[in-house]
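After this come two complexes, each holding subunit A, first together with subunit B and then together with subunit C.
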Partner chain A sequence: MNLQLETKNNFKKNVMTMKKLKRRERVDGWLFVTPFVISAAVFFIGPLLVAFMLSFKEYSYLDMISMFEAPWVGFANYLNAFQDSTFLKALLNTSIYSLGVVPIQLTIALLLALIVDSNLKGKTFFRVAYYIPTVTSTVAVSVMFMFIFKTDGILNRILAIFNLPAYNWFGDTRLALPSIMMMAIWSSVGLYMVIFLAGLQDIPTSLYEAARIDGANKLQEVLYITIPLLKPTIFFNLVVSLIGTFQVFDQAYVVSNGTGGPLDSTMTVVLYLYNTGFRDFQMGYASAIAFILFAIIFILTLIQRKFFGEETEF
Partner chain B sequence: MKKLISLLMTFVLVVGLFAGFSLNSEPANAASKTVIKLGCWGSSPAETELLDNQIKEFEKLYPNIKIEKQVITGDYNQQMQVKFASRTEPDVFYLDVSLAPAYMAKNVIEPLDKYIDKNDVKDFETSLLNGFTRNGKIYGLPKDYNTLAIFYNKDMFKEAGITKAPTTWKELEEAAKKLTKDGVKGMALSIDAARFIPFMFQAGAQINNGDKPVFNTPQAAKGLDFYVSLLKKGYAATPKELGVGWNGDALAQKKAAMVIEGGWMIPFMKDAAPDVNYGIAKLPKGDKEGDLVFTVAYVMSARSKHKAEAAEVIKFLTGRQALLMTAESGLAIPSRKSMGGVYTQKYPERKPLVDMVRYSKVYQFGLKGAKILDSLTKACEKLYYKKVKDARTALEQAVKEIK
Partner chain C sequence: MNRKLSVSKLIFYIVLIGYAIICLGPFLWSFITSFKPTSEINNFNINFKTLSAKNYVFLWKEFPFARWVFNSIYVALIVTFGNLLFNSMAGYALARINFPGKKVLFFAILGMMMVPGQVVMVPTFILLSKLGWVNTYKGLTIPFLTSLFGIFLMRQFFTSIPKAIEESAMIDGLSRFGIFFRIVLPLARPALSTQFILMFTGNWNSFLWPSLLAQSEEMFTLPVGLNSFYGQYYQFWDQVLAGVMILSIPTILIFLIFQRNFIKGIATTGLKE
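For the complex of A and B:
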């Protein structure tokens, strides 16, 4: 009898502590994420909302009023952007850049990943070697490429060996953009290779073994097992690469000294945004450009999800 | 108990931290000294030393004012705007003349008329001072300046049998033609408005009228045409075509016999190419004389809490004593007429740089200056890459682009 009562009491006590624990857990959880929530609100969500507000205003940092007091201009900034020939040229350049860089970069990255994933001798060396450009600063890379692409630089000397004419790579309106595209492909291919590599290691070897028993060759293995099962990784890389290329800034800035020249051939959307905001003192207009860019990237990502986004099951 | 102790410890630590901060940030004699923050951009070690010495002299004379130098790294104009937006701008700062219209129009800098002696101001080179004047008010006092000149390789001149530097457009073209041989170009000319505008001035053109672009004239086209013709005829090449970063490199690496640059070439050549025997000559004369002058002034933030003291700083740093130091260092040309003589006496070979300031116009083109320069450069590119039929059309299109 006594014993029974004790058990019952104990049970009650346990329920109480469980409830308390649950509540405690919830509080603790929030406590743990507070630093992130606060920093996200202060450094990410807040500025985003302010920038959105600014895109409907006329404002410069040199105005002696706060941005909340700046005059509203409605959709004028957005409408202006679509009549601004330099902006449209920047958008075209950025699109060409993105369409050129993304597929080439990802194809090379996938090939490299496949090679590095096989039983190659010294594959660790290659993994490191391909990844090094990614951890090098873009400005340093740009300066290095300026040496390669100089009129008397390495590239032109190599061309000379094959009796090909020398080009003024960064000074020619047709070649400047392709030059920075090459630079971008070279410098970030390693990053995507590593992500592909992680994806490749997720594919169970049993599938390959089964395929081999069925008599599949290497190419068929890649086409019918690797690529379909790599879809989530491909999607991820596509999105990241697309966003990255649409935001290209540093290469264009360094190569053209911030002007986007020659003749706007390296003018990109973000470079133009930077110039309008800080050089022409039109922060509102610059914010509007930023949101147009955001909308474009967002729509493109949605489209990609439609094609590549479905879950893959092993 | 353990909890309590750890709580206590934390408390002590936190309090200690704050106490430490407040102790550090307030020196003992803070009450007696006014601190004036001075914003500037980073420059060569020699120039930094010059400014530091000027500051030291100032602090000797004004023991109650302390100058705190803030070196602004990165894009100066961008950093300055961010500082203004966050209300942390320095009391006194460098301002390039090309940015002055925006800063003056937005009223972020303080007119200095109250603080300065009207008679003393007359000593500054007039064109420089005009760059920092708006609606009759003076917003900044220029500290130094640089005009564009021809820097030429004396040995190459001798070899080509040219005895004196070209003084007219015709002579310039002939000299460039003669000097172009053995893989060396007569001139290095960059496709940059900041280098070809002097030729437009020499043809009698005007770039802007207030904030309005007015360079769609036959005179401006004539100037641009002449500049591009030197490139097209092969007597000159752009730095990019020569495989160098800028005009200076072209002269230093003996890839061109003449370049158009400013006084910043002097320390550069000393460092990069001490073996090149070069001379400095005035820009040639077209229909008239004309040149661009680059200058930087000290200005005061309109929100400064210590305006009287900030004004003293500006007056001293642009005063005779400080500028005498500038003149003697030879690092820049002092902005005062009375000091120009000191400079040319010590460095007679640099006299052309000083002589040209009389008819030079400051590198400033109104509120839309950045746009004007951009579209001018583009017009030159279009002409050079044969995207338009002539200079006039290129300039017409450029004016239209600036809305």
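For the complex of A and C:
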């Protein structure tokens, strides 16, 4: 065998192994993602397509026909939703809840993060204390607050010390929703504070030093350095918090025993979706409500992205 | 200057301690009440002589709380470990292996993350009931074994580790699976432990799906059990609050033990995307 032939053969061999390796890679890649792809197809993509179909049908789980045979009703489910006073109330409640909870919880979280981040002792303790409500079950939190907020509970007794009247917090149509909002703020401030803290860590200290040389005071530092540079974190928290609040369910369900009461004052979109789908078995209507929720969340995210610019890859 | 600084520091401490009391107060008050007899639950002061663990013993003996604890642990562990394995595998492939359809898959994941989970609730429930999985452990675990966010997190992590390690292993003749299980996965311990805690607490606290899927008392998880128990026993606050503690103390303990990594993990997963 001469040298030329040998090189040629070697080259051929190498090309062969390269091809083999590439094929191997392709197979391996798909093997690695197979469990996820199956799970996503069966429990997400499939149901998503079915939900979309159902939203244009009238179908009850109790019907003797399959959902594929159920009659088409066009946009009736969507149109009905906007004439359904309970759904509109749920939408209003959820909007109030979201517009109240998001700014208050993010402001408290940001203020606490700024204070905890400054040079103080006991940082770890405060971080841990503020985070504990976040890891606690919403069901446990709801039941605990029902105890604290009950008519003869500790909250009203503390108010009495300051000569303030006692309220029936979760039983009063005007106070039930704000009480749930308070609970929500209490249970998630810790999460957003921790994310803000991480964002603060990324701001280079040299900027503050430069500002100090130019004679800036603490407030100016916060306003002109911290807040602008924290914009991506603020954006991230805004989106997460908004999406989360629009999906509120557990608290409203536990507090009102699933009814959204008193008088629909704690009815939320997801609670209504749950009730229409699984208590009344109107699954076509429930699917339409689900897509309305999807549209709202999607639009809110787009608006925020516009508002905060494109600098954040999300 | 110094004086002004110490005044502002004092205000800061008052704010911080005040908020810490707001955070911990409800737990402490409920914790103490769970040891009181029913007749004293509304008393402001604590009578140390009458405190006892009888509420806990009562729940354990008279109600299926032990069963609910078991269900919660069992389901949370299966779901958590499923997620750790499958999310890492998918995340690794998306970060490191070249295969056709990878880009499409990644964008599909980003797209799916924008869809609220409640949208698929109705058809998924119909599917599970057709499969006969309602009120079974299968129904409580199998649909939740992977998570979009978890895959995203692992992909980000795997993109950040140096390629050279894998290349040398490949030259030594290790297969992709070998590389993944023997080299890459052990390196991913920080990301895995963050995910472990997030998934475990998330699943332990999960309420909506288990309330649909666990229909008989012996299949309840703790949140579903506590909700039903509260509905029937709402006047016995000492016992109800003992139930609240059984549900909330495990995640608080896990958090306290791992808090350093946990907070660091949350902080980085939230931002370094």
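Methods note: the second predicted complex is superposed on the first by the 276 of 314 C-alpha atoms of A that agree within 3 Å, B and C clash if a C-alpha of one lies under 4 Å from a C-alpha of the other, contacts with A are read in each partner's own complex, and residues count from 1 in each chain.
To be clear about the criterion, a residue touches a chain if its C-beta (ideal position, glycine included) is under 8 Å from a C-beta of that chain, and two chains touch if they have at least 3 such contacts.
Keep in mind that what you see is a predicted model, and the values were worked out from it rather than measured.
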item	value
Subunit C versus subunit B on the shared subunit A, clash or fit after superposition	clash
Partner chain in contact with A:F278 - subunit B first, subunit C second, else both or neither	both
First (subunit B), second (subunit C), both or neither touched by A:N168	first
Touched partner set for A:F236, first subunit B, second subunit C, both or neither	second
Subunit B versus subunit C as contact partner of A:D152, first or second or both or neither	both
Partner chain(s) touched by A:D63 [first = subunit B, second = subunit C, both, neither]	first
Subunit B or subunit C, by number of subunit A residues touched	C
Contacts of A:D214 with subunit B and subunit C, given as first, second, both or neither	neither
Touching partner for A:S39 - first (subunit B), second (subunit C), both, neither	second
Contacts of A:G261 with subunit B and subunit C, given as first, second, both or neither	first
Residues of subunit A at both interfaces, subunit B in one complex, subunit C in the other	61, 146, 152-153, 278
Footprint of subunit A on subunit B - complex, ascending	75, 77-78, 81-82, 84-85, 102-103, 106-108, 191, 238, 240-245, 302-303, 370-371, 374, 377-378, 381-382, 385, 387, 401
Touching residues (chain side subunit A, partner subunit B) in the complex	60-64, 85-86, 146, 150-153, 168, 170-171, 173, 259, 261-264, 275, 278-281
Subunit A-facing residues of subunit C, complex	9, 12-13, 15-16, 19-20, 22-24, 26-27, 29-30, 33, 42, 44, 85-87, 89-90, 92-94, 97-102, 105, 112, 114-127, 143, 145-146, 148, 151, 175-177, 180, 201, 204-205, 207-208, 211-212, 222-223, 226-227, 230-231, 234, 237, 240-241, 243-244, 247-248, 251-252, 254-256, 259, 263, 266-268, 270-271, 273
Interfacial residue positions of subunit A with respect to subunit C in the complex	22, 24-26, 28-30, 32-33, 35-37, 39-40, 42-48, 50-51, 54, 61, 67, 108, 111-112, 115-116, 118, 120, 122, 125-133, 135-141, 143-148, 152-154, 157, 186, 190-191, 194-195, 197-199, 201-202, 232-233, 236, 240, 243, 246-247, 249-250, 253-254, 257, 270, 273-274, 277-278, 283, 286-287, 290-291, 293-294, 297-298, 301, 313-314
